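Sharing a structure with you now.
Chains here go by letter, A, B, C and D, matching the order in which they are written, and residues are numbered from 1 within each.
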Amino acid sequence: MNSKEVIAARVAEELKDGDIVNAGIGIPTLVPNFIPADLDVFLHSENGILGVGPTPEDDKIDENIINAGKKPVTVKEGASYFDSASSFAMIRGGHVDVSILGALEVDETGQISNWAVPGKPVLGVGGAMDLLEGSKKIFITITHTTKDGQPKIVKQNKYPLTSLRKADLIITDLAVFKVTDNGLVLSEIFPNSSMQEVKEKTEGAFYIDEKLKST
Amino acid sequence: MNSKEVIAARVAEELKDGDIVNAGIGIPTLVPNFIPADLDVFLHSENGILGVGPTPEDDKIDENIINAGKKPVTVKEGASYFDSASSFAMIRGGHVDVSILGALEVDETGQISNWAVPGKPVLGVGGAMDLLEGSKKIFITITHTTKDGQPKIVKQNKYPLTSLRKADLIITDLAVFKVTDNGLVLSEIFPNSSMQEVKEKTEGAFYIDEKLKST
Amino acid sequence: MDKTIVMTKAVSMIKSGDTLMVGGFGLVGCPLKLIKGMEDTSLKDLTIISNNLGEPGKGLGRLVLQKKVHKGIGSFFTSNPDVVSAYQNKELDIDLMPQGTLAESIRAGGAGIGGFYVKTGYGTKIAEGEEVRYIKGEPYLFQESIRANVALIKAHKADRFGNLIYLKSARNFNPIMATAADLVIAEVDEIVEVGDLSPEEIVTPHLFVDYLVLAGGD
Amino acid sequence: MDKTIVMTKAVSMIKSGDTLMVGGFGLVGCPLKLIKGMEDTSLKDLTIISNNLGEPGKGLGRLVLQKKVHKGIGSFFTSNPDVVSAYQNKELDIDLMPQGTLAESIRAGGAGIGGFYVKTGYGTKIAEGEEVRYIKGEPYLFQESIRANVALIKAHKADRFGNLIYLKSARNFNPIMATAADLVIAEVDEIVEVGDLSPEEIVTPHLFVDYLVLAGGD
């Protein structure tokens, strides 16, 4: 598995039978590949689908079935289509159990930035703010550092916040952090990493879970 | 024709091809019987039907098809069903061309009262306020006087107003009044009545249409 | 995943003091089996959000007769004389709303809308003391959204995931109430296989529905 | 009553300076024939309300390249670099909204709602200068409803009265835009007999639709 797959596989472990899940673009789109077949997990796409299925083979693409990233998808048995107002009524109304989102940065309180870069024209917000505001749980999937090695988990976000709402869980290619009222708690380090690496590559402050200390 | 049928027949003459019409309980329910067969007039019922058809024979009643007066109805070809929020979105959003409503009183400015009687517990408002507020045109159908001979077209309503919105047309068993910015204009007297009778039985002030003066 | 439960289990999830949304326009589209299940139980002090409170001795009217209803929030209660009597005897509080405002406030409650502005009722007695705001030069009344602890709705068919379709004008308040309560129980005429309902015709997607009860079942 | 007209007649009803709602999520569910009909006309100064402004050289993107669009109101324009350039060259104004707020404000415009309160965006940069109201202790942002002069939508099937059904995820913004403009023109793949669409499956009842244009017709 590459590092994005490591992240996606770990997120999938957090999902429960019956969960309604919205998976954003980027790493989150990989998550469905790792959901165990015996779980009924239902993927919501904000352009108006509940029950998104796998990506179709090239010769089986239906141009009228796309996801919120405008990529061709399929639907599973029991799926439904609805309009955009109904779709966001579901999101804002608290009917989505989990949203899995990417981020440019997460701060040490768990607030995220994923829609705008200062100095560049801001011409897109899409559904990210609604998902952050309305979903029961927010899982953030990020590579631990940017391409040029800068930490993505920071003291304070340079980029504009997407919401005051904090994430619940942050999953990187190195580790897992729980977001608590007191701040971030490192709860898991992946076998390919170490406490030292996580400390070096994380700018924001974090606590260490008791269980992790004893190992 | 009895006096209620006279009123209903006269209202029907005002309807145009393609009109979306909501017909309230009482006299308005008789209106569809007088709509010419060559006109496509679509009846909206606020409990969630567009395309209400005639009352069914007793042995053809479908208990799941009722109108807003909770009476069994049928639907015509091209009808549709929708939920209550969608139905009132149609009404408030200005998508109903004409509402035909009964009234307890109409004042000389064209404002109506049809939902509450002072001194009695007010336990029902239903859809009347929405229809008055949202419909493009309001036709009021009333007998000219109450059962004990009191005028229903009055200087000022004793009963609480249903809306500040004025009616467009008032049709009684004796006459037709147009509602203008200057007040009521008597535009038509039915053959069974006379100018003198209309004057005697109308408390509110009204103008007389030029055409009526010359006849 | 199968959301089907028996009626007694469904009723056991309702608590005294709860606010309930109950679907239907009169008795049409009303979850009569679930209401019957509440009769002769110890449930009391219920607040019922419903367009009407049943008819004399029928539907929600029976719960009113059994003095289980503390308050009714709806648009038209005049058609049930038992409700009028209970109100006059001060056994029942009433909160009366225009039908469109009732429907919209339920939809808003399910859609994460805190409140909204409508013209309906402006300048009338029901607007006394209400907040007015001018938008694009026109006066509107403020209305908060409403939610309930439990919604009891009636649908025609469900699949075991809880996707619902309705029957004719029995749809009415049911789809919006399905969105606006912490616990949603749908009474249905029939439960079909997943896949039997077309994705285009499903009116209430399953994410809104917690449990299913068969109208003709146990 | 038959609402079918030819495309040129439909386009002739749009005026320079108009505010148009245009359905679709990217190109899916976008009325491409009607947009094509607007190309190479004298139409200009249009305000377009749409989730996106097409793709480079496709759909609404072509109208942007022809400098017919004065302003875009939507939620995600980043995917079309031509829109980004036009904005940077100050040829195009942009009004950016969260997608859910965009959808809800269109629905509200069609439903006689003057404005409403959402949590989305509270505390962020897009909320700067916006009105905040606390409802049940939680902060919400005020949002006015929006309407247009003309809505151009895409549906799958219509009957000649104008009842509409949609195809899969091409539904998106189309049903709500059909409610929120003074003039509504639906581009459809097929026109069927009245009665062919089931009353339960009709998504947009005909009272919302003024004219029909066949996607594959003149």
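Note that a contact is a pair of C-beta atoms (placed from the backbone, for glycine too) under 8 Å apart; a residue touches a chain by one contact, two chains touch by 3 or more.
Quick caveat, the model's predicted, so the values are computed rather than measured.
Q: Counting one step for each move to a touching chain, how far apart are chain A and chain B?
A: 2
Q: Please name the chain that ends up farthest from chain B once chain centres are defined by their CA atoms averaged.
A: So the farthest one, by centre of C-alpha atoms, is A.
Q: Between chain A and chain D, what's the gap in Å when you average each chain's C-alpha atoms?
A: Chain centres of chain A and chain D, defined by C-alpha means, are spaced 29 Å apart.
Q: Indicate the whole-number Å distance between the mean C-alpha point of chain B and the mean C-alpha point of chain D.
A: That gives a centre separation of 35 Å.
Q: Please work out the Cα centroid separation of chain C and chain D, and write it as a whole number of Å.
A: 32
Q: Chain C: which residues touch two or more other chains?
A: 104, 107, 111-113, 118-120, 166-168, 199-200
Q: Using the touch rule from the top of the page, what residues of chain A touch 2 or more other chains?
A: Those would be 75, 81-82, 88-89, 91-92, 133-134.
Q: Indicate which of the five shapes (line, ring, star, complete, other) describes how the chains touch one another.
A: Per interface graph, the chains form some other shape.
Q: Considering every pair of chains, which are in touch?
A: Those chain pairs satisfying the definition are A-C, A-D, B-C, B-D, C-D.
Q: Show which residues of chain A lie in contact with chain C when the two form their complex.
A: Going through chain A, the ones touching chain C are 17-18, 20, 40, 42, 44, 50-51, 75, 77-82, 88-96, 133-134.
Q: Across the complex, what residues on chain D touch chain B?
A: Chain D reaches chain B through residues 1, 107, 109-113, 159, 161, 163, 179-180, 194-195, 197, 199-200, 202, 205-208.
Q: Across the complex, what residues on chain C touch chain B?
A: 25-26, 28-29, 51, 75-79, 83-84, 87-88, 94, 96-104, 106-107, 118-126, 166-176, 203
Q: Quick check on the complex: what are the chain C residues that touch chain D?
A: Chain C reaches chain D through residues 104, 108, 111-120, 133, 135-136, 138, 140, 144, 165-168, 198-201.
Q: Help me check something: in the complex, which residues belonging to chain B touch chain C?
A: That would be residues 45-49, 62-66, 68, 70, 75, 81-85, 87-89, 91-92, 116, 121-130, 133-134, 160-164 of chain B.
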